[in-house]
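So the structure is just underneath, and the comments pick up after that.
Chains here go by letter, A, B, C and D, matching the order in which they are written, and residues are numbered from 1 within each.
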Amino acid sequence: LRIKAGIVGGTGYTGVELLRLLLQHPHVELKTITSRKEAGTPVSAMFPGLRGRVDLAFTEPGAAALRDCEVVFFATPNGVAMTEARALLDAGARVIDLSADFRIRDLAVWERWYKARHAAPELVAEAVYGLCELNRERIRGARLVANPGCYPTATQLGFLPLVEAGAVDLEHLIADAKSGVSGAGRKADLHLSFSEAADNFMAYSVPGHRHWPEICQGLAQAAGREVGLVFTAHLTPLIRGIHATLYARVTREIDFQQLFEKRYALEPFVDVMPPGSHPDTRSVRAANTCRLAVHRPPESAHRSDTLVVLSVIDNLVKGASGQAVQNMNLMFGLPETAGLGHLPVVP
Amino acid sequence: LRIKAGIVGGTGYTGVELLRLLLQHPHVELKTITSRKEAGTPVSAMFPGLRGRVDLAFTEPGAAALRDCEVVFFATPNGVAMTEARALLDAGARVIDLSADFRIRDLAVWERWYKARHAAPELVAEAVYGLCELNRERIRGARLVANPGCYPTATQLGFLPLVEAGAVDLEHLIADAKSGVSGAGRKADLHLSFSEAADNFMAYSVPGHRHWPEICQGLAQAAGREVGLVFTAHLTPLIRGIHATLYARVTREIDFQQLFEKRYALEPFVDVMPPGSHPDTRSVRAANTCRLAVHRPPESAHRSDTLVVLSVIDNLVKGASGQAVQNMNLMFGLPETAGLGHLPVVP
Amino acid sequence: LRIKAGIVGGTGYTGVELLRLLLQHPHVELKTITSRKEAGTPVSAMFPGLRGRVDLAFTEPGAAALRDCEVVFFATPNGVAMTEARALLDAGARVIDLSADFRIRDLAVWERWYKARHAAPELVAEAVYGLCELNRERIRGARLVANPGCYPTATQLGFLPLVEAGAVDLEHLIADAKSGVSGAGRKADLHLSFSEAADNFMAYSVPGHRHWPEICQGLAQAAGREVGLVFTAHLTPLIRGIHATLYARVTREIDFQQLFEKRYALEPFVDVMPPGSHPDTRSVRAANTCRLAVHRPPESAHRSDTLVVLSVIDNLVKGASGQAVQNMNLMFGLPETAGLGHLPVVP
Amino acid sequence: LRIKAGIVGGTGYTGVELLRLLLQHPHVELKTITSRKEAGTPVSAMFPGLRGRVDLAFTEPGAAALRDCEVVFFATPNGVAMTEARALLDAGARVIDLSADFRIRDLAVWERWYKARHAAPELVAEAVYGLCELNRERIRGARLVANPGCYPTATQLGFLPLVEAGAVDLEHLIADAKSGVSGAGRKADLHLSFSEAADNFMAYSVPGHRHWPEICQGLAQAAGREVGLVFTAHLTPLIRGIHATLYARVTREIDFQQLFEKRYALEPFVDVMPPGSHPDTRSVRAANTCRLAVHRPPESAHRSDTLVVLSVIDNLVKGASGQAVQNMNLMFGLPETAGLGHLPVVP
């Protein structure tokens, strides 16, 4: 079985990470990869690491070749997939969108945060939010999957057991999240330059980050009610990796370690570490894994009523392209782990 | 006026940073610097950056030379100052201890966290906690100053206005703090090696960090009552810099921006940034400054009741050696800013 | 076909990289991994990135389990393999030594540079130097392979075509090589700590580096005569990667681009880039590839008679563990590329 | 004495470094700083590290304010100073140009490498090349100084003693130079972004770098004849710092250590390290110092006839803005070290 796959917008980091994963996937045949700007350029000229491993050149988007694909990944900026997905779906392809176009079900919320008018409201209604650990069954049957954002993946996986169990104060969740620079994409921005971002650390978008409504929506789905969340994003001098430090006030005492272990016992890509652990981002570097640890600090006379959950992912794998492949595996009835067994690269 | 100064234990990062600051201080004459391990080695042989700028060699600790100093800085591991400070004080010197020996007033707490028996309880009672913005007047008259830790400096300066104003829930403060690697000192530890710490991010000591009781003590002093705090430390791939992201639940609505601006209006080394700012650690690199920003996220339909304060310092300057010099300036009646005007090094 | 493999000394970086490669190799069954210091510790407790992927614990070295292995890798410090290889060979195992014990054929040279008496001179005579591109046929039949050092791999592959063609001045080769910090191994050395090595660059061992005689030996074999080489090593703030910039004086004008392309046309792991290229280390990160580019600078009125060759490898893969697996593949008649198809991780 | 100074183009890295140095210079009053793009923006809004330390806002270039300055620094892209310097000189100001406009005396060479027509050939004839250690006396009397490039500073200072002594083969000099990313300027280029440049190493412009003719010109001046040089530039993941590794074939045996020590004995900003040293870039970080070490590798049976010189500078200080201030000091009869005593920031 070889699924014919296409990538729209293959020159960004999620695009090239899809290339890395799909070219090594046992059940995928990469048929086409588009880029308006680089049409005609051999893929291996742009990414020398792929020399000798891929013969394709970038083609114009909208090229007929995409229509022959069984699955098309959008690794494009926001606003592209919502205008192009319809035609591909009509042609019979399944679509996995790594951008934010189909992630928010409430159109008004989407339009407020993304400052645009949505081009395909009816597809928003159809799209399934592709957090496999939350929506596995619905993903299997989906034609259109909205692949989650990187912060939302790390944050939701860390909060899900607590929210589902209703054991914490849902009004006052705090997510203090730190991201490597690749999370901002492959682009020429001054503040992302090495001289600015190296040996430096800062918060950003504290007044409001686009991933905030996405996280709230997912947690609300799990909770069956609205949640209150403060989300703080930070730029960290690493290339890949997200570390989310999550705080929740306990409202019902249970064995939280056990809660997490049970919740994720059967999940191939979520690893609940032993008590006392501090997962580091490199333990998931280049791998499709989320590692979690549950803490109850501090060790002092009186125990705190605040729970601390540590959650790490590689933003380009479990936070983007790896999760997209995981979604594809589900949609096509493949083993969920197919092509996703890469061990992390350490050191 | 030239104060005769000595440094005990000058081979660590706080020691060499003291060297950098004292050698450029207009009112200091560095008389001696000790190191048991490096006795006899010229200082400039160990730190080539000081070639041509310092003629001293390291001497044995306890050498008579220290007794001629008017001020002695301890840049030693915990446990040294408490055994050696008495003799220097008796000889008429003032002592500024950069280690943790005199920071905690409650001996039982100190002994629990530092796993040792305290050698000079009576000096603990005398010592003044050297957070200048909190204890300025008492520092002026002190013989013995306990220089604050790096995390405690960033965290306390960020929380102080809120705690003093009694405008937030003092039971549930959260400090999510990120430190550069130099905060761990100049030592050969595997987990601090470049191959382990670069391109990596992790929390550590989540079950209990030694700076937690120190922060709690300082905030309790400011509040006039005990406080509840969850403190999470993270290791970040930068050399210098601490970024503390602080969360507090508002209990009384006031103008928090104004609160901070007023509180620190006369402070030469605390900079309250304009609303909406995100101070980065490099904006204080190699400078004795703490920059703060106050946020009320998220920008959404309903305002959160959680306040977010961003606080950055250079852990080796305002978080250690710069603050020690600031304390010395106060103790000797010098202008508080003398020798501390270095601009940050950017980029 | 599953080869039973063992690793001696599996806690260093070449050891854990062997783990990464062997655990994903289709024709290998990892039977045992030893570590004197960590005996009893589950491998996945030490390397959390391997959680769920390996059940072994470290065992005492010399344990009987090694004798059942068909191939044993020594990922030990220098001096171990030379005392333990004999028994394993006698028991019928093949041995691939990643240390320097069997790399130098001239015992006097070895003993001068490694400051020890060699424990197994007769094995030195038998051992095959495992630079596959130089000694492929002899490796196929070898019982004992001396896996090349990282600098020697990058340097020899860059010089080989020139030396074999006799087209450059063999008396005055210059190799200016830059290595990531992992090349120094997984150890707690102050000068390798993040605070020392990050945002810093320096040469080291300029008066004499142990890899110098190894490179000279390999080039002399290719040239059929002694060569003169100046070799300069530099420590660079990257984790993985070697970049060797090689200079040779042209003595006979030929088409050097073509020379390189022909020499490596059939090599699966050497990539000669198009004219004008500047390979970067990340293009081979985590991959078993050496990329080369040939330059003739400067573009000026008169052409220089100096050729510049750029050579990049991942020091832990093609410069160590990947090459070891490549050697194993040759020794056991497997496809040379088996288990070595991992694409580089970019960014 | 306070010299009235202006900066044209103050938003790049050499501009902000000039700000850092001039704001702390005892004999300078910064009167104006221009930026076409940022006119009206307070300097401290763009560079928060300067908050509270500078009241100026960026002004339109060409503003009258510049005419009142006694010295004007051009920290602009190439091509600006050559069109604007004339008017300032006519108004009586001295001009120090940190760009390349006046560095190359041979107009044809300049125009070939900078791909433009020179706008002020007569000023090229007048300009003095501001390598203080080479042209000190002429700089004292200069109206217009061409401040050297960063690579040329490190390379020339390392080669000068050898070239002046005529003790090496002047036809075959090799400079293998590595630069931190700030050397490329403060700009939004993809290949300078953190995700591209971190944990990566590469050569660039090997076929021809603009600093090559500048170095050749300076060495030719010192030699009294043309020289042959191969120059290779590399991009290194540090922010500041250049490490040049220089190779020269000895043609006359002398005591090279002594040669260097004598040549630079009176130079305040060139430090010849003891034999066997390996200067690292951080030993000059943020300082106006060049450190040099002389080696004769390898330690082997027969001594090599190749000399290796290691040269490190901070590209933004001794390689740009610090050297510019040094030139200003010379031009205005100030102590050469005024305002340049900052110790390096380590770690």
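As a working rule, a contact is a pair of C-beta atoms (placed from the backbone, for glycine too) under 8 Å apart; a residue touches a chain by one contact, two chains touch by 3 or more.
Please read these numbers as outputs of a predicted model, since none were measured by experiment.
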In terms of CA centroid distance, which chain is the most far removed from subunit A?
D
Which chain pair is joined by more contacting C-beta pairs, A-B or A-D?
A-B
Whole-Å gap separating subunit B and subunit D, where each centre is the average of the chain's CA atoms
36
Interchain centroid distance [CA atoms averaged], subunit A/subunit B, Å:
38
Subunit A to subunit D, mean C-alpha position gap in Å, rounds to 45
Got the subunit C residues that touch at least 2 other chains?
13, 180, 182, 186, 195-196, 198-199, 237, 239-240, 279-280, 282, 285, 347
The answer for subunit C against subunit D in the complex is residues 172, 174, 176, 178, 180, 195-196, 199-204, 206-209, 212-213, 228, 230-232, 234, 236-241, 243, 245, 247, 249, 276, 278-282, 285, 293, 295, 297-300, 304, 306, 308, 310, 312, 347
Which residues of subunit C touch subunit A in their complex?
13, 16, 20, 23-24, 47-53, 182, 186, 198-199, 239-240, 271, 273, 277, 279-280, 282-287, 291, 341-347
Of all residues in subunit B, those that touch subunit C in their complex
13, 180-182, 184, 186-190, 192-199, 237, 239
